[in-house]
Amino acid sequence: MLTIKRLDLDDARVMIKAATEKANALGVAMCIAVVDDSGFLIAFERINGCKALSTHLAQDKAFTAAISRKSTEAHNAACQPGNLANGMNTAMGGRFSLVGGGVPVVVDGEFVGAIGVSGGKPEEDIQCADAGIAAWEARS
Amino acid sequence: MLTIKRLDLDDARVMIKAATEKANALGVAMCIAVVDDSGFLIAFERINGCKALSTHLAQDKAFTAAISRKSTEAHNAACQPGNLANGMNTAMGGRFSLVGGGVPVVVDGEFVGAIGVSGGKPEEDIQCADAGIAAWEARS
Amino acid sequence: MLTIKRLDLDDARVMIKAATEKANALGVAMCIAVVDDSGFLIAFERINGCKALSTHLAQDKAFTAAISRKSTEAHNAACQPGNLANGMNTAMGGRFSLVGGGVPVVVDGEFVGAIGVSGGKPEEDIQCADAGIAAWEARS
Amino acid sequence: MLTIKRLDLDDARVMIKAATEKANALGVAMCIAVVDDSGFLIAFERINGCKALSTHLAQDKAFTAAISRKSTEAHNAACQPGNLANGMNTAMGGRFSLVGGGVPVVVDGEFVGAIGVSGGKPEEDIQCADAGIAAWEARS
């Protein structure tokens, strides 16, 4: 038997709150999704005005980061043409996302879930995802 | 041009909070999803301990109720064998749900979104969805 | 509650008529789809002789432009290898289109729907989509 | 943070061995899949001669039992016409299985995974799944 650590609803709320504050600071309406270690959704919020696509992309990014234990940004770099990982994004019914903004959450080397953000440029989405994780790590 | 009313994030939070209180009163861990008039997710929460399936079913139920403007309970009744609507649940890539617990939200005759709840028996899920809508309608 | 503007059937007819005239001028049989702000179809016409694929592609292009609030041509440019958005086309069950010819419709900064055209070369499809929107904007 | 128990590879091997012995006793070539608490595969074996369909069905049954925390046999009974759960089998892209032979594995009230068996009649599949779990529970 294995024993697994997994994010809970309070953890997800802390991350969503901080990611939302960062999105507001950037002035971009975003969607933020937090999933467990197996990619199943724990909590999600769409800032008013965020485009419909992001409701799916935020979830797909978080899903990808959780089940692969790697950020979507890192996958993007690894999946360039000429690399043997190129084309991996058709996996999982096409939900495997190479778009920056999905980041795994790690505790003592164990992968416990992931956050996915969509709505801005990938660089902005990554900033919000990182802000969510940083706030959660800094919680007392 | 048409002008459409649509639930916003504050609306969704009110519904999720009330549906969660009902679920806690019933002693069942549930997932609650609130979607806009076109079925795109606005907010979602999974009560700690809720089974993984419900993370999808809650969204599917809300999606179905929103885009069809009818509760999944009503669809269930209409889709019985022998009825010409039977089999409709394969639509929308199989996301069309006949399982009770998806309820549209109506304001002055206009469909503005939907709530979907999963985790208990369908009868319990319906109670939580109704509690979410009732609290939202009663808000000042 | 949010208030959203959305294209209606008359709007869609104006765009399809103008896009069809442009397609006829180019001598290419095309499909033209107009969708609402959430990507759901409002009106669609296939010029006699247009290939079967285009009945789907025109809808996918319009769908993509609507839910992402960006033209498929712009997505194509942004999704090149080396960009953090590369690979996004597997999203939405593969319906996310990078093929030029899907253009969002904007009124006073608000995204109210989109047009998608398929049947010719992407450059021709884009001309027809633009012609549809231009005629609609110029209507009295 | 939550702490979750999950089957490991040794657990899965014990179940597959016992389910295989039961299948051999019945004289039916079967597939046996064991998945974790979130429905992801841990181990799988196809007895020589088992039909191709069963390689998918065994996984779908185990997946369904794991993420829903209920046997596929119980779902079959609950999803009869007239019940509010009727039609649930189109969920999860159609992988949600109502066919007997998927059984969750429970330890001290916690759902830690599931076994799915396919190849014989559902009644035979269920016998093999139960044999797998019984042997695992009886291990020292």
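A, B, C and D are the chain letters, set down in written order, and residue numbers restart from 1 in every chain.
Note that in this section contacts are C-beta pairs under 8 Å (C-beta built on N, C-alpha and C of every residue); 3 or more make two chains touch, one makes a residue touch a chain.
Quick caveat, the model's predicted, so the values are computed rather than measured.
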Among all other chains, pick the one whose mean CA position is farthest from the mean CA position of chain D. C
Centre-of-Cα separation between chain B and chain A, whole angstrom: 25
Chain C to chain D, mean C-alpha position gap in Å, rounds to 45
What whole-number Å value describes the gap between the mean CA coordinates of chain A and chain C? 29
Centroid of chain A to centroid of chain D, CA atoms only: how many Å? 31
Sites on chain C at which at least two other chains make contact: 2, 37-39, 67, 93
So how do the chains connect up here, line, ring, star, complete, or something else (other)? other
On the basis of the stated criterion, which chains touch which? Give every pair. A-B, A-C, A-D, B-C, B-D
Would you mind writing out the residues of chain B in touch with chain C in their complex? 1-8, 11, 36-40, 67, 93, 107, 112
Residues of chain C touching chain A in the complex: 2, 37-39, 64, 66-69, 81-82, 84-88, 90-94, 96, 111
Residues of chain B touching chain D in the complex: 48-49, 51-53, 56-57, 60, 73, 76, 79-81, 89-90, 93-100, 121-123, 126
Sites on chain A touched by chain B in the complex: 8-9, 12, 31, 38, 40-48, 52, 55, 59
